[in-house]
Amino acid sequence: MSDVVLKVKDITKTFPGVKALDRVSFDIRPGEVHALVGENGAGKSTLMKALAGLHRPDEGQIFYQGEAIEVAGPLDARRKGILLIHQELSLSPELSVAENIYLGAWPTNRFGVLKKRELRRDATAALEALGCGFGPDVRVGSLSVAKQQMVEIARAEAFRANVVIFDEPTASLTDSEKDQLFHTIRGLKARGVGIVYISHKMDEIFDITDRITVLRDGQVQGTVDTRDTDLNQITRMMIGRTLDTYFVKAKAEFGAEVLRVEGLSNRPLFEDVSFSVREGEVLGLYGLVGAGRSELVETIFGVRRADAGKLFWKEGEIELPTPRQSIDMGMALVPESRKEQGLVLMMGGRENTSLPHLRLFSEVSVMNRAKEMAVFEKYRSALSIKTTGPDQAVSQLSGGNQQKFVLAKWLCADPKLIILDEPTRGIDVGSKSAIHELIAELAEQGLAVIVISSEMPEVLGVSHRVLAMSEGSVVAEFEGAAMTEEHLIDAVSHAREPVAAE
Amino acid sequence: MSHTSTVTTDRSPALAALSWLLRNHIWVFLALTIIVFSLASPYFLTLNNLGNILTQGAFIGILAIGMTMVMIDGEIDLSVGAVLALASALAIGLQDHMGVWPAVFLGLMSGAALGFLNGSLVALSGMHSFIVTLGGLIGIRGLVFVYTGENALMVPDFSYTEIPEIYLGPVSLTAIIFFGLALLFQWVLSSTRHGRETYAVGDNIEAAHDAGINVKRHKIINFTLCGTLAAVCGILLSMRLGTAEPNAGRIWELWTIIAVVLGGTRLQGGFGSLWMTIGGVLTLAVLRNGLRLLNTPNYVELMVMGSVLILALVLDKILNRREAT
Amino acid sequence: QDAPEWLGGELKKPLSETRIGITVLYPGSNAYQAKYAETAEAYSQELGIQATVMDPQGDPAVQFDQIQDMASQNPDALVVWPTSQNALIPAIRNASRSGIPVITSNSPIGEAGRRYIVGHTGPDDCAQAEQAAEMLGDALGGEGNIVVVEGTPGYSVSILRKNCFLDRLADGYPDVNILASQTAEWNREKAQTVMETYLTQFGDEIDGVYAFDDGMGLGVISALQGAGKEPGEVKVVTCNQFGEGWDAMKAGWHSGSNKQSPVDDAILAIQTAVKVANGIEVPELQGIETPKVLPENVDEFERPTW
Amino acid sequence: MEQRFKRLLRRHGLVVAFLVFLAGVAFNADAFLTPGNILDVLRQVSITGMMAVGVTFVVLTGRLDLSVGSLLTLLTVIVVDQHNVAGPFPAIVMTLIAGLCIGAFNGLLVGFVGLNALIVTLAMLSFLQGLVLFYSGGSNVNVENAQDTWFAVFGRGEFLGLPLPVILFLVGAVIAGLVLQFTTFGRRVYGVGGNETASIFSGIDARWTVFWTYVISGFTTGVAAIIMGSRVMGAQNTIGQGYELTVLAGVILGGTSLLGGSGSIWRTVIGISMLGFIQNGLLLLGFPYYVQWLVTWAVIIVAVWIDLGAKRGRIFA
């Protein structure tokens, strides 16, 4: 076996208007975990898609096990032993686990009839090799996100992959699920599989990888051994400057209570939740994925209907609102999925920004375009959003810039309370700290802020107070010195134990 | 593209039965209509009439088989009515020149060719199949008239109409062909590569594409199948009528879609089966036959069909919502 | 129970136990068919027979199913107004083989099916079309340019009203020239659209119009009015006069049609069906009168109520 | 220069294709591009055009309305029948109210109950057909005093040399276009069609938005029925049959996406006029109706493909 399993040389890929990859060269050794990092839109996914046969590079060569190859298509890549595990999972929910593992490559006889027994046997073997706790006949749609990811990883076993690429695999995993994933990755590594690992979470990068390659604007900035580098160096390579403070906390000057929730329930998603938040306060909502935090804030905002509970807005009790009423009161919700819940992708930034506040931007129902333009321009420069103009469809923007428009659309009407659901998921370190700064700034302007995050350092870093949620209930509340990682882990895992033992 | 639904864990038999009923409520619906009509009309539950229902349902049924495949793919085919008219015209019109069976074969091929055309246009252009086949619905009917020159074509030899007059008890050959084809394609759906691809494509087309499934070729095959089945239907119809009507099959595509949707196949694709479609087809046939036996005026029939369809949708909605939570 | 006079024979069983199935072309599509269905229903009630009137919505396959369903209820007779000349022959054959007498009404079925029916009643579409050719030819004085507005292509009525018209015209009026012929699908609004286009295209060249029925004829007249034509400037001839067409003829816009009564048509069909139900011989063909209605004699006819 | 032409083609490929077609027919039929004929065509498309204006709203939210053809029949029967019973003004009011109510019922089922629009409106197509037959008892209805009722203006009147139905259609289209472009309601329609979930998260009540688009569709069909009743001065039980497909074909031809969120009224006007001119042009060229069908097929495919290809920048998907 050579010491390089896969090597790309001078790959260039251009999309209309963008040079996504510019003479990128890069190699993967067997048995290493190679990190690929860079800002949003740096070209990481594009590079990996080129390896997996989803994009055809304009120029450049790919060498696999020493030979120059052409990757004809995704199945070809998979057959050769190069497996890409997507940012968005690539599974068919209605099909079984076994069928998904071998999706598109099912064993059949000459007439296209499935060899079901063989399929099942091979799939079972792959699942067992990974130690998955489910069988091959389960419908994939009924599995949790983490388990669905296991199904994808099982493809590595099934196709005896030599290269496995993970594109932001932990974005929707809990900590324990992440540990499980790392365990699996180490298993693959031990068997000599070369692994590419893309992530924006630096702690993960330093935890599991052996080498780091940094991409910036489609160009390789360099490759370094993980042992020989540190966060500052990597950040500088990524964004051209270092970030001195990771987390800025707003000054703790609290005003009057803005929102109080008493006994709010929406069974079976969450039950009997009570808390309050004040002007100038950042309230963190920590929990594992699936704890019900998103559902909780969606219910407060009115997108979901609660079945019990009271809401108090500025000390006065209110009916459970509709989203319209919430917005009019001064509540804002930055939802967790910007593509599905946050933006109308074919609209431009201007129209997206005014969408929640049509009444403010109109007189007797007629839209006031000048007002819209003014606000658009204001936030374009305030948040330094990269867009060609007010009507460029936001679908053409990179993820980070999209997220900024989501923020703009909620900030422009001066809310009293802003709820941010996973505001930094999938966002590069540079933009991430910009968002952290923004949170502090908003609180200092007197807004009440609720931040949902699954990242413990983030939630501890930005909040004045943290609620820990587990299995649909608030299990603990921490403030000041009690806000430590140990306490949080303790709170959410203790609450889980009896359930796990069931 | 991820769906959320409850984890399937072991449940009590009663719950399992309930869940089966919820997933297959079309059969409950069918049973109900049968009970109502057998109480209302003394002629309904005669062997002869039940046989008629099967035969009458078989035509929409054969169309519905192809439509189910296309709809699981997440597409739709509005041109089946026109395709069946063309196939039936060719099957009869060509008999003079080449004899019965070659004519029938060419009729079949015309359906396959038009299905292939529809599929290719959908796959190559990326247009919505609704648009492509809406065009086909208009244009293929034009082809029928070009070929027939407006006249209904009659078979030269009426023994052609006796071909489907083979009965197994009260069940006609037409009905047997329908059930045979339905079983065959149910097997295709559940046990062949093509069938599983159908679900994969309709369910998550990106994943299917990334897995190396040739989505375009796959869709073309399903449209071709749908066209061919429409031709089968047209040929059986020409045998039943002894003539090829240029207007045959008008608005049948609507009845077909209704039958498939009644069965519970998801319009967005990814979910459905021919068992359910058979249920939908039979329910529709029973309703139409029963209303005729009860001597209801035409407008009542139209209004009842409309209401039943909406009712079925509402029921589906309520049941699925319960299942989802 | 006493037999009615027209029966011309003995009742085998009381009228109240006589069961007849009737399937009418397409009562939704025009006034004639609607009146026919209405009369059939009213007259059956008057007689006290059990009659089922059905609407195949113009679809031969549906009519086929209807005949099959009715046959399975063993009626004493079936009345079929066929949607198609030949498509129903197998269905009628099967009904006839299981001993149910079938008569056809209004439109005949094809030659091959004649031996399975007991008799046919109704007007002669072909004769009407020939009459129309004569009326139009005469109104134009034997020469001129005409345009034709057709019914929905592919149905037997359309075919007869086209071919017989063309044949008669070619035979009797060789100097009448057909400029164009298009379908308006029995739809009054579409007839108007087609006529408007003709007027744009041929302008004053058009001397006469033949529309397959009066509904479309009225659309044609609308278009003529819209184009600023005087009554009678362009001769309009149709088959099968409706009430409004009668008015138009009085006003001078309409140059010829024929009277065809859905009431007579339906009553004759039902009487014949009752006869065959009682085993009484009926003639193979019983026509109803379709006299020409011309501006000269329009006052002799009552205004049609359909 | 070439760049500019390419961009023009990309943004207005449909219009270019249309102009080429017009020129082609005009070359072969002298009467085609005369003012008289153009007005005739516009008058003919004013009915389907009026309906298409309303249906565009529905399609923009990502829904369908297949019930408009049957609804047109029902409303035309109502307006003509009530004209005889109650006089023109009450008849018009009743027709519009009936259109609004049935639109509202569709909107209720699709918007609030959340049923699939294709099937709901298909069911309504059947139901309304039954209702027409029930209402009319199967017979035709005619305006009795057709010569001297002011009701005739809607179909036959003229104003400043333009036929009134054309004016109604264009005014309707302009109002609808303005509503879509410049009002908060229009923004909601595009929002819901573009991304329903995101719109709900932005405080837009998608249920009401969808509901109102169906109400609009019912209303424009009511106006179309008034034009139809006045143009024909009578109604058959089949008079609107198949119009739903013509209307939908026009909307699609205009390039409004069936998935919702993109499209506009002026494109619908182009699409539906295109259908009208195609039919008229082929009639003038003396082609039999089935050739018209074949050409319509080809035009739908080619035009939509060009439009899509131009937007995508590539011919093949």
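General remarks:
Labels A, B, C and D are assigned to the chains in the order they are written; within every chain, residues are numbered from 1.
By definition in this document, contacts are C-beta pairs under 8 Å (C-beta built on N, C-alpha and C of every residue); 3 or more make two chains touch, one makes a residue touch a chain.
No experiment lies behind these values; they were computed from the predicted model shown.
Set against one another, B-D and A-B show the most C-beta pairs in contact at B-D.
Put simply, the chain farthest from subunit B by mean CA position is A. Per-chain CA centroids place subunit B at a distance of 30 Å from subunit D. Note on chain placement: the centre of subunit A and the centre of subunit C lie 71 Å apart, centres being C-alpha means. Distance between chain centres (mean CA atoms), subunit A to subunit B: 43 Å. Each chain gets one centre point, the mean of its Cα atoms, and the points for subunit C and subunit D are 34 Å apart. Residue positions of subunit A with contacts to 2 or more other chains are absent.
Shared interface positions of subunit B, i.e. residues touching 2 or more other chains, are given as 145, 297-298. Shared interface positions of subunit C, defined as residues touching 2 or more other chains, are 27-28, 153.
A list of each chain pair in contact follows: A-B, A-D, B-C, B-D, C-D.
Subunit D meets subunit A in the complex at residues 182-188, 190-191, 194-195, 197-205, 261-262, 313.
Contacts from subunit D toward subunit C in the complex involve residues 29, 31, 34, 36-37, 40, 43-44, 47, 129, 132-133, 136-140, 142, 156, 228, 231-234, 236-239, 241, 280, 283-284, 286, 288-290.
Of all the residues in subunit A, the ones that touch subunit B in their complex are 52, 54, 73-76, 78, 84, 86, 88-95, 99, 103-106, 108, 111-114, 116, 138-139, 141-143, 145, 148, 268.
The residues of subunit C lying in touch with subunit D in their complex are 27-31, 33-35, 37-38, 153, 180, 182-183, 186-189, 192-194, 196-198, 200-201, 203, 215, 218-219, 222, 225-226, 242-244, 306. Against subunit D, in their complex, subunit B makes its touches with residues 121, 123-128, 130-132, 134-146, 216, 254, 257-258, 261, 267, 297-307, 309-310, 313-314, 317.
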